[in-house]
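Dropping the structure in here first, questions after.
Just so it is clear, A, B and C label the chains in written order, and each chain counts residues from 1 on its own.
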Amino acid sequence: MKRLLLTAGLSLALGTAAQATTVHILMENVPDTQFVKDQLPEFKAKTGIDVDIEAISYIDMHSKLVPQLSSPQGSYDAIVVDFYWVAEFTQAGWLMPLDDLIKRDNVDTNVYLPALMNLVGRVNGVTYMLPFYNYSMGIIYRKDLVADPKEQAAFKAKYGIDLKIPTTWDEYQKQVEFFSRDTNGDGKLDFFGTVNQGQRGDCISMQWSNYLYANGGQYHNKDWKATFNSPAGIKAIEDYKTDIAKHGPAGAESYCFDEASNVFGQGKAYSFVTFNILLSGFSDPKSSQVVGKADIAANPGGGLNGGWGWAIPNSSPEKDAAWTFIKWIESKETVKKRALEGGAPTQGWLFDDPEIIAKRPEMPQLKVLVATAQEFPTFTYTVDFVESLGRELNLAVTGQKDAKQALDTAASDFNKLAVKAGLQK
Amino acid sequence: MSAGLAAPSRTLRGLVPHLLLIAFSASILLPLVWLLRVALTDKLTAYRIPPELAPLRLDNFVEIFVHYNFSAYFLNSIVAAVGSTAIALPLATAMAYAFARHNTGGSGLRLVVLASQMLPPVILVLPMYSLFLMAHLLNTWTGLLLAHLAINIPFLAWILIAFFQGDVEQLEQAARIDGATRFQAFLYVAVPVAAPGLLAAGILAFILSWNEFLFALILTGKATNTLPVGLAGFQTQRGVDIALLSAATVVTILPVLLVLPFMRRYLIKGLSLGALK
Amino acid sequence: MTVAADRLPSLDRRFGWAMTAPGLLALSLVVLFPLFFAIFTSGFEYTLLHRKYDTFVWLDNYRSIWSEGYLGQSLWVTTTFVVAVVLLEFLIGFTVALMLNAVQRFKDVYYLILLMPLLINPVVVGLIWRMFLHPELGIVNYVLSLLHLGPVNWLGDVRVAFWTVVLVDIWHQVSFMIVLLLAGLASLPREPYEAARMDGASIVQAFFYVTLPLMRPVIVVTLLIRMIFAVKTFDLIFVMTRGGPGTSTDLISYFIYRSAFYGLDLGKASAISVVLLLVVLALTGYLYRYMRSLA
């Protein structure tokens, strides 16, 4: 007990001691956080700086960051920023611009995929972050079923087209329908074409976006006027509703990605439209029955882009040390190591590196995914819009509101927020 | 007395409470037993339907201590809960006594004290953060204790008021006539009589602090993270680490069993003091 | 008697304040400031993007919150939730407390068991029940299927989700009531009850005419405190339903959270909180006055 008290006291004291600089970072609980932690001893040996990483769940991160960032001095020297909050944080003036430091230290930001640099790198021409992690969405599907000759024959007989990795939305929907089966004859579906995550809010908004893009819809035009309450949007809702009602497990309208990924992991579904990072989770025998059977396809029309970026808050007590760390963690050797361990890369050349491809054959597909990804409207009130959209979508999908009405309400909310953010005239 | 009743009726009457209590206990225990089962397997087995009798392993229990800072979370929560209860209870008892006996501050003060707890914590959190930042109380045990104290006192005070009313006033009068001071009457007469209430209030204060989440999230850092904050971390971007979470939950409940021997003594004593009058 | 001299009301008053002071000090340092800060903020245009008090808007915030559309719905859901939860937990809790008060053996074992759910924090309670209630992979629907009862869409069916959350809350918090009510029962004097039974009253009569009236102060305070906590319910909803399906579980505390952290508008969020505070305060004041009339 006393030793613990002493250690706690010492570590607190050390945190503020001038001799050994410690960089405090707040990160999310993703596998890459562990990979970063693994490389810390190397950093310490090279620069003598200690790095203390605190990892918390995504859901609570925003609540924790807001007081920290809006105070004159916070406890964190470097943070990771989710694309949702980029506009909010930069508009509030909470992040330090990095252009001068980038120029001074000759950091090459062209190594990053443009889609990610625009999402979690540059805002209105100023660089605030270096992209750390990507989680763009795609269709995870059962490649073993697609490769099965019996399935191929039956599919060809029924639809007249080949069974292969889906490249159009119509093809994908046919596959979903084909694989929704009652295998034990009890009148209820027990193998599902797809698993939806229809829970109100973030869960449904993220997944539905892919349905919107696949049907050729967009969220807004270049004047930031909402355009998703179009026939494409309505069809996207109809597709989503049908998938839940006819091709998915009971209760999918209350699922978020945890419930959904467990259904896929138990081998009960053919596909799952979700974040690409979940793919590696399905090769873990402790949580998945489909090890080696899952692969990912790009969402037709573009999947939803997602990512995190390293940033230095203006309330950071150790800005220089934080920058030293960020430079190092995004340097070529370190990102390659992370990618080899299974991380989610943001630098383009990693996807083409033969050593990495040998270890992770899904890399070329992932590159396509990220390159074709579409950007969710990111502005000051993104999260507010996600909530509003999520509520309306959930109302429509649970049959409580007509699809057109729901989309119109969400669109009007979007327009109000766009005006509030100064983007719509 | 109902001396005319035959013995079997009486044993039946004696059985009814036990039957109800067993049914109630089962409804509490069954989910917990399943939780234990999940804690001893892994995520894959946890969600396998129909459930299968997989080999049981202690891996999760080891992992929470090795890979996660579980012992630190546990220690921080104990310090916060025991500390804030130990301080809040006397302060609230004194306050409750003043409210009950002397109507200090009238209804107004009482309501203001409780009003501070009627706001959702979300609204209180930002000003508290600024306050704690200025006072250098962030990421410290003192800060956490103070925050939990402040949450506990209003409720404890209100609960204890009820236990200072009633027959106990006469007992105090008798003591005062015998020459006791106000404080002595409080400490040696009122407090022992209110013992059941004090036990209940103490338990509740401990639980309120043990489960408190938002202030712990915002006001603590890595060194002072409590169990609720730590356990929330089992929600990863790959889903919930349900087996690890279950193991961690089982460990957070276990201490209640260690309290069993104490419980037996103080519970019977504390809960039958009413008869001692 | 000579002790009349030190029964001076002023000495009593001073003693009362001396007893209250330490607790009050702790409170004012920590929570009373944020309380006044919240009330103060509700009169300004104060957002997370612009944390300055330069635009006093009087009661504008209070007017604009109603145009949100869903605020009324949220208040209604919260009211039904609070009534359901407090009432059900009271009925079940009081019954269990009475049973526990009536037994001698195994009292500590029962007490220990009922304490266990209370030691789990609401976030984790929500997460483990989501696992139990997974419509496809959860143990509850599996057990129901063995009894040939259909799978229940616990959190996705708009008619069921509300009651699911109520049930989970009951499982989690009914022991809160039991602890308090049992303490109340234990501190009751035995004489009135025994006298009534000797006069020929049945158990039921003795309960309604002796026990219940004597328990009123404790019952009222228990209901009051549980009500205040129930209004603040947040984590359970956030973890289990996010206010859905639709808006059927959209509790006011989650509404306020969204206003503050997603809408970034602290002025508005404070206004809604103050409205909530006034409603709860009014209810409390009413119950408190009732309590005083009994003492």
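Note that in this section a contact is a pair of C-beta atoms (placed from the backbone, for glycine too) under 8 Å apart; a residue touches a chain by one contact, two chains touch by 3 or more.
As the structure is a prediction and not an experimental result, all values here were calculated from the model.
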{"item": "Chain labels contacting chain A and also chain C", "value": "B"}
{"item": "Selected pair, greater C-beta contact count between B-C and A-B", "value": "B-C"}
{"item": "Whole-Å gap between the CA centroids of chain A and chain C", "value": "37"}
{"item": "Centre distance in Å when chain A and chain B are each reduced to the mean of their C-alpha atoms", "value": "38"}
{"item": "Geometric centre distance via CA averages, chain C-chain B, whole Å", "value": "14"}
{"item": "Chain A: positions in contact with at least two other chains", "value": "59, 63, 66, 70, 258, 262, 266"}
{"item": "Residues within chain C bordering two or more other chains", "value": "130, 134, 136-137, 261"}
{"item": "Junction residues of chain B - those touching two or more other chains", "value": "47-49, 126, 232, 234-235, 240"}
{"item": "Interface residues, chain C side, partner chain B - complex", "value": "1, 3, 11-13, 15-17, 19-20, 22-24, 26-27, 29-35, 37-38, 92, 95-96, 98-103, 106-108, 110-124, 127-132, 134, 136-139, 142, 171, 175-176, 179-180, 182-184, 186-190, 197-198, 214, 217-218, 220-222, 224-225, 228, 231-232, 234-235, 252-253, 256-257, 260-261, 266, 269-270, 273, 276-277, 280-281, 284-285, 288-289, 291-292, 295"}
{"item": "Contact footprint of chain A on chain C as seen in their complex", "value": "48-49, 51, 70, 130, 134-137, 151, 153-158, 161, 238, 241-247, 258, 261-264"}
{"item": "Contacting residues of chain A [partner chain C, same complex]", "value": "59, 62-63, 66, 70, 88, 91-92, 198-203, 249-255, 258-259, 262-263, 266, 268, 380-381, 383-384, 386-387, 390-391, 394-395, 398, 400-401"}
{"item": "Chain B - residues contacting chain A, complex", "value": "42-44, 47-49, 71-72, 75, 125-126, 129-130, 133, 138-140, 214, 217-218, 221-225, 229, 232-240, 243"}
{"item": "List of chain A residues in touch with chain B within their complex", "value": "4, 8, 11-12, 24, 28-31, 52, 54-60, 63-64, 66-67, 70-71, 73, 75, 135, 257-258, 261-262, 265-266, 275, 277-278, 281, 285-289"}
